[in-house]
């Protein structure tokens, strides 16, 4: 069981969201942040770094946005859906853009294939969470 | 001249946004992140911390979201409006929620008055930037 | 296999550190950041929040430091041990302080027991990594 | 007066550090984080991006470490010098490494000259703060 799930399990208050869906979204966000941070660095080590510039930039954005979305959705106390909804939308957009760019390099660079997978999983998880955030 | 403005001035590529409006938004985002981080800590030192719980939580969210929005809007290379727009919307929502809560404590706690001011300034700056992000 | 390990596996350059030790440290850092962010929020929902103030503050510090240490150690390109060493020392100190405080609340609050465990695991992982960072 | 100073002025507890020295360090940290985030992006837009790889990596590290050091030093409640001291040392090391690299590109790239200046100012501010953190 992930730390996200274990901490939700021991939350002293109440919340109406499905805890296991929320925990798997937080896990996907943390995984995606890690994949994007590492992939941006992998790109920097490629001999053809010039062709990886857009990928680096989108990975940096996606890492930052996933990290923040993970923190905000992890906080259950006095939860504010007016903040969570557009933040999830921003995160879905960042994951989509980053995944699309990584997929263009996936045949050539294995690290981009891994990162694209993490982004697509995170995009779907955020879409599932957004559907139940009211 | 702020570092945000000086770095935009020396950007080697081109971008179509108004540089001084963008720089003043980045400055407002960084100021708001600083105010929210410090205000959350000030709240923790108040004898009536029980009544400051919602303020702490909203300050933590707002600080995280402003920090990320500052980083994303600072990056001009291969700029993606599909990410920037919902992120600015999330930031506006976070600033509004945090400002509204801080304003309720502003008479009693000077630090909340300062934080509310930073949030309202950031909210307006993000709204102005959102209006020209296409 | 974690994303940290998969991305290290596909790193295009070379690095001399043991990849599986590095990956498990990055995983421990990400887990600890998640546990601390969630535990600070759990503390905020406790009726005795007044007695949790120190725990909240140390969790916030530990989350921030673990997130940054994870990002810095994930970057292998032009790696700088002069930065990594004191950063790992700061992270070890933050994990120790946070764990010690969480352990004092662990009997009463299950979420603090989980967070203490994540901090101790991260502390050990960073100590192991520090021993081989030259 | 900066928000860092205004929030320290309205801190409800007591702290023994010189507030104006602390505030100017926090300002230098926030400025340096901003300069490094923007400079990494400026580097990505340079036609000779291949020769800027080390600069990009060090800027990303320095931005992350300055952001975290700013947040940790902004929190005065239950302040822990055992964490603050090695964190300031890590920040000084990051600023030195990043400044040294940026200075090598300063004649060719104006953005690196600005970033080097921000790093050197932040390095000195952290050294001054470290001298009084006990």
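Chains: A, B, C and D, in written order; residue numbering restarts at 1 for each.
In this text, a contact is a pair of C-beta atoms (placed from the backbone, for glycine too) under 8 Å apart; a residue touches a chain by one contact, two chains touch by 3 or more.
Since the model is a prediction, treat every value here as computed from it, not as a measurement.
If you apply the touch rule, which chains end up adjacent to both chain C and chain D?
A, B
Please identify which chain has its centre, taken as the mean of its CA atoms, farthest from the centre of chain C.
B
Look at the interfaces A-C and A-D and say which one is made up of more C-beta pairs in contact.
If we tally the C-beta pairs in contact for A-C and A-D, the bigger total goes to A-C.
As a quick test, compute the distance in whole Å between the mean CA positions of chain A and chain C.
19
Measure off the straight-line distance from the CA centroid of chain A to the CA centroid of chain D, and report it in whole Å.
27
Touching two or more other chains, which residues of chain A qualify?
Expected reply: 41, 44-45, 53, 57, 60, 67, 71, 75, 77.
Spell out the residues on chain C that touch chain B in their complex, using ranges where they run on.
40-41, 44-45, 49-50, 53, 56-57, 60
Where on chain D is chain C touching in the complex?
Listed in rising order, the residues are 53-54, 57-58, 60-61, 64-65, 67-68, 71-72, 75, 77-78, 80, 82-83, 86-87, 89-90, 93-94, 96-97.
Across the complex, what residues on chain A touch chain C?
2-4, 6-13, 26, 30-31, 33-35, 37-39, 41-42, 44-46, 63, 67, 70-71, 74-77, 109-111, 113-115, 118
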